[in-house]
Amino acid sequence: MRTALIHEPIDAAALLQEVSSHGSGATTLFLGTVREVNDGRDVSGIDYTSYEAMAVRELAKIATEAVEKFGTPHVVVEHRLGALGLGDVSVAIAISHARRGPALDASRYVIEQLKQRVPIWKREHYTDGTREWVDPTRHGVAAPSGGAA
Amino acid sequence: MRTALIHEPIDAAALLQEVSSHGSGATTLFLGTVREVNDGRDVSGIDYTSYEAMAVRELAKIATEAVEKFGTPHVVVEHRLGALGLGDVSVAIAISHARRGPALDASRYVIEQLKQRVPIWKREHYTDGTREWVDPTRHGVAAPSGGAA
Amino acid sequence: MNVRVLLFASYADALGTDSLQVDVPAPSRVRDLLAAIQERASHAVPPAPLVAVNSEYADLDQVLGADDEVAIIPPVAGG
Amino acid sequence: MNVRVLLFASYADALGTDSLQVDVPAPSRVRDLLAAIQERASHAVPPAPLVAVNSEYADLDQVLGADDEVAIIPPVAGG
């Protein structure tokens, strides 16, 4: 298990390598990426900021919960901070498990918990030159929220 | 959308690239890999064989269903055939979507349907020199089945 | 009529071949063909396996033509 | 006592700073600190935001010490 906040591009292939194991029959990778439209506005990029001391601890707690809940030590999560452009990967979650069910469940668990608990914020930049902090709580449950994922 | 049966190693990074899109906020990759123990027996490798003419069609049908059901064209599935060793990737499912929920759901849909419908068979080779066709229907629902995933 | 039957994996091993030509009356249904195969090779193939006709899953009542290619599908194990 | 308060993202923008020193009586609870912040900067921070004390989520009744570092957490938006 490993979790990290990083300020460089995420290397998804390296994460897959890191969780690979001869005991695993299934590997899942989840990537969050910066998408070009959010709430109907044209996005040109996103700045990710964080309360790093706390985010590091909260990320590690979530991964530990996943390890205990789904019974695999092969959980690696990286979240990138800083200025990201369209298509850039903001978060990567790599998990391997003997069986596919828990590998898929664990991947979903980590991204859902991360989005609820880890103190990371994003400010979207729009093509019209404006920028705004994203507030997922302003939207109804059914509406897409967040610029990435 | 693209599906294929291939006889060479699967290039997971290339599949991620293939489904990437500025309209996507979430990308999922599922990999099935050959694991070293199945039903308590030590596995040394697996031969994958197929009724290729039908498997090609059935794989394409499943991907088409996923495209329609989850509303993203970014679905790529490759299944490898032939002699695979421990840790080798037998199947890769790459999907990207504007939002994470449908990306995760689509990944699970494709692997579950693939395991039920696509005419591919595997013969496990064990470290004691024996080999056997895998029959997932011999097991109860709760038991792990299959050498990979 | 003579129907071409494809066998795979454990069924091909059990019958020692990956295809058969099976003579059945015209018209015949999938279940009639399976009964004929059971006569030739009882226990090698279960009485009601998955069957595909021309690369599509078919049910036991599907009517067969002489040019149809029928595949007997062992429990699939992809992934 | 003087408690150090960290602000982030939209809250830091609204208050024009990423930290405050807030004077509250000892002992005080998280809710007392939030009331003091509301007095200084009403509308910039909602009345009951998420709060962390020493990098752990805390509830409104948690008692604060002078050395505690309190963070006011805007709606998180990671991923």
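Per-chain numbering from 1; labels A, B, C and D assigned in written order.
The rule is simple: a residue touches a chain if its C-beta (ideal position, glycine included) is under 8 Å from a C-beta of that chain, and two chains touch if they have at least 3 such contacts.
Because the structure is a prediction, the values reported are computed rather than measured.
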| item | value |
| --- | --- |
| Any chain in contact with chain A as well as chain D | none |
| Separation of mean Cα positions, chain D and chain B [Å, integer] | 49 |
| Chain B and chain C, separation of their C-alpha mean positions in angstrom | 26 |
| Averaged-CA centre spacing for the pair chain D and chain C, given as whole angstrom | 72 |
| Chain A residues counted as touching two or more neighbouring chains | 32, 100, 111, 146, 148-149 |
| Residues within chain D bordering two or more other chains | 79 |
| In contact (per the touch rule at the top): chain pairs | A-B, A-D, B-C |
| Partner chain A, residues of chain D touching it in the complex | 6, 8-10, 13, 52, 55-57, 71, 73-79 |
| Interfacial residue positions of chain A with respect to chain B in the complex | 12-13, 16, 20-37, 86-87, 96, 98-100, 103-104, 107-108, 111, 144, 146-149 |
| Complex contacts: residues of chain B adjacent to chain C | 32, 48-51, 53-55, 57, 79, 90-91, 111, 114-123, 133-138, 146, 148-149 |
